[in-house]
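So the structure is just underneath, and the comments pick up after that.
Read from first to last, the chains carry the letters A, B and C; within each, the first residue is number 1.
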Amino acid sequence: MSTRLLPFYATLLICALAYAACVFQFPAMLSFRVAGNLLTDNAFLGIAAVGMTFVILSGGIDLSVGSVIAFTGVLLAVLITHYGVHPLIAFAIALSITTVFGASMGAIIHYLEVPAFIVTLAGMFLARGMCFVMTTDSIPIDHQFYTALQGLFYRLPGGGRLTFIGCLMIIVFVAGILMAHFSKFGSYIYAVGGNRTSAELMGVPVARTTIGIYAMSGFLSGLAGIVFSLYTSAGYSLAAVGVELDTIAAVVIGGTLLTGGVGYVAGTFIGVIIQGIIQTYIVFDGTLSSWWTKIVVGVLLFSFIAMQRILVFLSSKRTTAIGGG
Amino acid sequence: MNRLSKAALTKAAPQLLSLALILFLNYLAFPGFFEIRLQDGRLFGSLIDVLNRGAPVIILAIGMTTVIASRGVDLSVGAVMAVSGALAATMTVAGYPVPVVILAALGTGLLCGLWNGILVAYFDLQPIVATLILMVAGRGIAQLITEGSIVTFNEPGLIFFGTGSFAGIPMPILIAAFLLFVAITVVRRTALGLLIESIGINRSASSYAGLNSKLLLLVIYSFCGFCAALAGIIIAADIRGADANNAGLWLELDAILAVVIGGTSLFGGRFSILMSALGAIIIQAMNTGILLSGFPPEYNLILKALVIIVILLAQSFSSLGGWAFLKAEFRSKGAKR
Amino acid sequence: MTDNPSLLAAEHIGKSFIGMKALDDVSFDVRAGEIHALLGENGAGKSTLIKVLTGVYRPDAGVIKLDGQAVNVRDTQHAQKLGIGTVYQEVNLLPNMSVADNLFIGRQPMRFGFTDRRLMEKRSREILAQYDLDLDVTSDLSRYSVAVQQLVAIARAVDMSGRILILDEPTASLDSHETEILFAILRQLKARGLGIVFITHFLDQVYEICDRVTVLRNGKLAGSATTEVLPKIELVSLMLGRTLAVATHNVRRARPAPKVRQFSFKGLGRSRSIAPFDLDIGQGEVIGMAGLLGSGRTETARLLFGIDAADKGQASIEGKPVHIRTPREAVALGFGLCPEDRKSDGIIGDLSVRENISLALQAQRGWFNRLSRREQIALADKFVRALDIRTTDIEKPVKLLSGGNQQKVILARWLATSPRFLILDEPTRGIDVGAHAEIIALINQLCDDGMALLVISSEIDEIVAYSTRVVVLRDRVHRGELSGDDITTSNIMQMIAADPEGATA
């Protein structure tokens, strides 16, 4: 078994065990209703996490995700509710803005050669600030198109619903997996994350790739914002605070190396679901409190980072044993 | 010595000018800005307010400076603030005496920093990765301590650290000034300053020269955790309660920003704690200015974003030799005339 | 061997970096169906020449000709299009991606807009089959040894470029068996008519596989010849040169051997780095360490100073066993090391001359026993004067000094700690002639003052000038020792060039 896949299998195992333990305690959790809700409730997180996966695979980080989600939500609310723009047009506007926003961050990171975290930190402030410039209130969105989209679901047995946004998340994940493994761009992302210098020498267009990665993260954050706005039917400038941390956690728990170059989009899906399961368990339990999610996620983060560290250490030892230093 | 202080002043010119400009704009927005009055034995006024509100970020920036100088970063200080604040509030409510409460809260911060330090120095994790763990889990731990509610207290001994004053000066300012003094003295009177800069610039060469870089990193991160705890206590004492969700939220970013504004490079090396404190004051002056001019406080975020972008541009410009180029251009033109 | 016209020729190439001449009127060519060795010590200009040939740098003077036509190589991609493929020493592949990905990144076969992985993997297997490599092309490259990675890199370069292959020290980290496999493949490629440029430090390999050899020294062409007619001893003298004779008038000084040798290392070794060796050194003694690059010189120094932990052997000082596992422990015992790579392991670039000189002493004194500013200034002034460090100001960042002065600053850093045993790894590399002579005089003086010194150098004349004893290394083994009147340039060269006992590597 490849050591690269080990973190992914570990995640899968933890996910399965966690779900089994939950079901053992609360048999009701084994139902399509819970499964459907898991997808719906975590749709925006999942979509943003796909973008974050690519960013982290390339060796970067994007702290602006949560703010961009909030920004998109507020922008949609303002456009639709205040200006009467049709949601579809509003979606297109929002997605173009967030994509350009991400691309500019990518360009700054690449051309000014500054750490991604400080640039996306500025992005995070900027996007959150723009929310407040538009409005500080929570604006409800009441549009028939929204109602239509929200009413769009596939009825699962047992009262479960596979909603439009749940489906959208699955589509994004499938597209992300295809892109990671079956496109040139995907291979470039792994290449840049693996070793930038090598990638450059092998002819990978590093500038285009870096900008593309952050543009995509911006686009997916925008899409996550749309989903969030469908989910909450409102735009609120203080929404989605700290979502960037949840997405980073999902990516790392999903087995992606924070140093870049190694990981799977599918792992991120499992990472999102694990977080969802913890939350669902807490809801079912009723006596436990929500903060346990953060603590458990923190513990998982540490375990995975420690495990990766050990794997890297072991594999570096092994290659020296074969090939020499 | 005179020449040295003059050189230091020239170096600090951009920051001092920015501060002067911001203060002036504040004055334009609110003509009473520079008024200071003594009331009930305590100084009041916008300027005092800037320092008072800025104290927690100044304290954070002191610890963060040493971390960044060692070529690291600590993302967990906001969360550590929440933990120490939560602990202080909860223990106070449970009836522990104030000194015990404060020692416990500070000790917790030290432990959090120690944890980060171990991960960075001995596990060789990237600082961003290592401190991210506590950034996520810390807030959960804080909520665990307060059991999710906002714990309020009414213990005058503890409140004193937030809203009290001594010789007319608010306690947070005194605490920050004291820490600033101690930190600068320790860093410059012992060899620590030199050694921190040394490992930040070139860890490999420093190890070759016989430095114990691992132990030094451990101390640096522990100190940063300690500072975070101190800031957490002040904030809790100020609002007479602990809000695990919001205490210290985003303040890690403010602290990093203060250090960057102060001129310490994110790539480690030369640092100045005093300049970072000045950076923190600049940030707070912007905050206060926005409030005084009637904009919603959140506009500040945009301003901060712009400040970061401007600094990044200026840094990359100067690293490309831009300033020297401009200077030469200017000189040659001047000579022609 | 072959009288083919040149495939790729560089004629009268010149290249400077900020006033430093990296290449000066160098001509070099490779023909179809030949393996041409390019030799030279570090800084001789090999890598600059390669970078000029592959379009990373533009030459300031001279032309590059492909098939007799002048070409302008724009960048590495363009070089690949022209048929010039390069495999760098640090294998420039992506260990985190699959073997097939590494072979095809940037030019994957596409089908319906998606990468056709099956076709890509099939073609990967076909390519590797030419090299008798049967790998799982879907598994990560990092699973395979450096040797295999090297072969994959070659396979990629040949498949993409296919006319000229430049190999930069491909055997540096291979064992003899792996080297054999690599050579078999190179012979096969040569038979296919490729022109191969082979950079190495191993002379035996030059004679085993190369048709012609070109030697660079200090950015100039030192010589070029057919391997068959070039005796090994002559090749060594081409490589090492005798630049010093003119620079100093140092005649070898006979020194009495010390009565006691306080520092004793028995059977010290580290697998895959340096074979176990014995070394004794006493005060007032300079041990010169000679050998080509990659012969285990630096590895020996790293072991002695605790940068690498020894996995065998025992060190003792004045008869008492000591443990040296980190540089800190070595420094505590009174050791000092001026490393080979000044920039990454020596100077703290942004710190001032004063601070750099104070650093080791400060580290020794502990965190709280600070050298006051005045003490630091006194220390720095003293050594700036004693070593004649040329700097306008002791507050100047050390990175702004010239190489020779940086070297003196590092030396001063150790001298400030009054060490008992000082290791100098290539102390005179990359510094100008004047500073060169000064450093040699300094070594002699320190020795006279009773310090124990171990000096590693590529300049044989220099070693002869100051050593009480000389240790010669070859292929990561301490091969022998010379002392007294046996220390002559020709004796040392002979030991370096000697055929290894037994079979070829």
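Odds and ends about this structure:
Here is the rule we go by: contacts are C-beta pairs under 8 Å (C-beta built on N, C-alpha and C of every residue); 3 or more make two chains touch, one makes a residue touch a chain.
Bear in mind that the values here come from a model prediction, so they are computed numbers and not experimental data.
Summed over C-beta pairs in contact, the chain pair with the top total is A-B.
Of all chains, the one whose CA centroid is most distant from that of chain B is C.
In terms of their C-alpha centroids, the spacing between chain B and chain C amounts to 45 Å.
With centres taken as mean Cα positions, chain B sits 30 Å from chain A. On chain A, the positions that touch chain C within their shared complex are 2, 4, 178, 181-184, 187-188, 190-191, 193-195, 197-199, 201-204, 261-262, 315, 319-320, 322-325.
Residue ranges of chain B in contact with chain A, taken from their complex: 73, 123-126, 128-130, 132-144, 147-148, 244, 249, 253, 256, 260, 266, 296, 298-306, 308-309, 312-313, 315-316.
The touching residues of chain B, counted against chain C in their complex, run 189-192, 194-195, 197-198, 201-202, 204-212, 216, 269-270.
Across the complex, chain B is touched by residues 305, 307, 326-328, 330-332, 337, 339, 344-351, 355, 358-360, 362-371, 413 of chain C. Of all residues in chain A, only 61, 108, 112-115, 117-119, 121-126, 128-133, 136, 237, 241, 245, 248-249, 258-259, 289-299, 301-302, 305-306, 309 touch chain B in the complex they form.
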